[in-house]
């Protein structure tokens, strides 16, 4: 259950969600939750038949529901909309922003800011964060406690950085990004050259450029380029424990699910969807709007708009037929063995 | 080699392990190790024939062994038990607790505790940890240095939290849990809705509930629910670099090996064993006591007690037969080609 | 673009790279970059035909190129060598060392060093790092901000540790190692014994030993041994988000790419190459100079020098033939079905 600082009236809720209010409209609401844990001042949604019984039994103060289900929910406060889940999410998004607006722009005294770093007005920084020389932090940025921002690194306006994030030198983070706990941006790319029996380090002196509205999940790593930049395009969302190798370029509005790994110099287009644990080799191109199934291993180019699956990944429909045929492989093998024997006798 | 603060006598050791002492019983012992690195005040175990020679040659002060092997180890101090490895582990577990008992309950002055946080007596907190408003830390809890405990988050009695752990707001950690370095609990679930060409963030306002006796490995991530809770059941053990998605529910006493990934709303039963790098799709159920082989990709429900393997994962016995037949696929293919040609001529 | 503190003359560059200088040699140079972002005081390389046009158009102060391409680059400053990329990398490596030499050996006053820790001269330690009792930090070591070094842990000379690294007690890190942000060394190995319905913890009282010249990527985890040591051999390089289980022993100069997972007691030889997301079972041996393809699942021993691929991993050539035949499996299946039907009628 999420309890908000600011309580909402029916008028507030109608202003955000639209729809039709039914029943008593004088109450105020201060939380959202699943039906099971709802309180008398809480809001829930009921979109499916199967939740109806629980919704009827619940003490929720307000149920967001459809015109179809409303009659069966009785004479309690209801907000009737077309898509209850969507409306509730819209309401929460707006509500969270309301709550955040009451935050203070404070920089904790334990934060260590280099005298040559440039910190805009209206910046919040938590305890024990370290901001290096020539770093530039734009207005509206919130950096939580125990982060490290490297030399010359730029953080764009309104970006939110959770605790324990490390961003190394010379990197650029866009506006309105969200970077979750433990993320590492700009660590050395993984490049070595075997010389005289030694893995000689190839220096990594490029950087990472993250465009606006990017979200990066907890403990994910985006390595700096050897030369040039590792780039994450505008609006792309990256889940937890993802690895993005050096000089990789990811386009706009793509989705990288948890534990995806992109090797070096991989090119990923716009609106690409990589499901969990997908791996992609380096120096290949994944076309825009491609969708790749979970755990696939991408070893060559993926055409734009393609649906791929498997290791090595191929057209998902073809792979599906292979998987189905594979279930019969033991019997095919027995038939083959019998026939070989027959042919030999 | 592990050296303990408190040295043990033969009497202490017999009290914990039982068994029969043989040889001189006047010595004291202060360490445990592998045979190769044992010292004259150290304890080792010898359970297998193949370690016998090394054990005889070692200077170990005490060898825990079986009645079978004892005669060949000579006239040195021996503890004869049925299961030497198990007895040594039992001894170490008890010994570690002895040592820990001498710890002091101190809160480092650099720790920042919100005035409205509630900290029980007998709590130890390391340097540079930050504890937010309304967090509640129960008695016997040890939180190491540089952790972050969010608003309203509850840590149950006797839980041990290693350095650099982040737990976000509104979460609940049970009693006697162990949370290793770099773990992130309660980061936003990964939910977006493509609207007008933009990946719109679905707010994540649920929480994470960890029950008692759970252990979570280094740098693992457990995301908060969208609404409701992501839940880890009592006694479940999670290895390093594991991803648990939002609204996933894991039962009791299950084992999630390293780099496992569970997508959103996955249901995992009790006593389930997921080997390393297993991935599971969302909105599926893995029945209790199911065992799933390493790197498997679980795309549908797994029956209770089943043994599954492969991507997509199926019954492990069937998959094993497929794997064996697969080795012959090139020759089957050649036979097929030849036959097709014969049929066409 | 990487800008260095110290500018170089043509004489400096020739001393490091050799080769032949062509054109004006009076300028100085302060940066390296890709061709597209080069400045008039910047150095780039042009090794391939396809970069020639961009190189000609660029304002780069110096182009490192081959004798073949030089005539087409006009009358600008050129350094002509056999392997331009290699020469530039050599130059950068040397240049970075020059720059680093100007660093100061300072210990930030917020660092907490136990009075019984031993810190050599010429050690740099960043803010909010915590160094425990009896830790020993050798000369030339740089530890960044917010690291945690456990009791009795030893850090060898000239090792570089980035922010937010945790190294637990009793571990040993060699000389000239590089440990990236968020790495966890020495967390408990993952060992439990199901007893009376409870996953009983097997105590983990061994340690981790990292030899000289090892590099460990961001957020990787190397678990401590149950007894004895988890060992990473000299010169081995480990990428990001890699998991090394307890009692695993990795040899010298091996490469573990991102998201590799090694279970417990795995033995890995020298000069082994494990591509991204490879998993290896415990208690197996991967022979020296073996190469294992991305996402492979190693379930048994791999001979020295072998090339393996697949899950379960087998000889890569054989697996390649299986993968090719697999593409025809649906048609093979149809032929088999037809034949079965014919045989039955």
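For reference, chains read A, B and C in written order, and residue numbers begin at 1 within each chain.
The rule is short, and it goes like this: contacts are C-beta pairs under 8 Å (C-beta built on N, C-alpha and C of every residue); 3 or more make two chains touch, one makes a residue touch a chain.
What you see is a predicted model, and the numbers here were worked out from it, not measured in a lab.
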Fraction-based call for chain C against chain B, same above half, different below: different
Between chain A and its twin chain C, rotation from the CA superposition, multiple of 5 degrees: 120
Inter-centroid spacing, chain C versus chain B (mean Cα positions, whole Å): 26
Chain A residues counted as touching two or more neighbouring chains: 110, 128, 146, 164, 182, 219, 241, 259, 277, 295, 311, 326, 329, 332
Chain A contact footprint on chain C (complex, rising order): 2, 32-34, 36-37, 86, 89, 92-93, 96, 110, 126-128, 144-146, 162-164, 178, 180-182, 213, 215, 217-219, 235-237, 239-241, 253, 255, 257-259, 271, 276-277, 294-295, 311, 323, 326-327, 329-330, 332-333, 336, 339-340
Contacting residues of chain B [partner chain A, same complex]: 110, 112, 128, 130, 146, 148, 164, 166, 168, 170, 182, 184, 187-188, 190, 192-194, 197-199, 201-203, 205-206, 219, 221, 223, 227-228, 241, 243, 245, 259, 261, 263, 277, 279, 281, 295, 297, 299, 311-312, 314, 318, 321-322, 324-326, 328-329, 331-332, 335
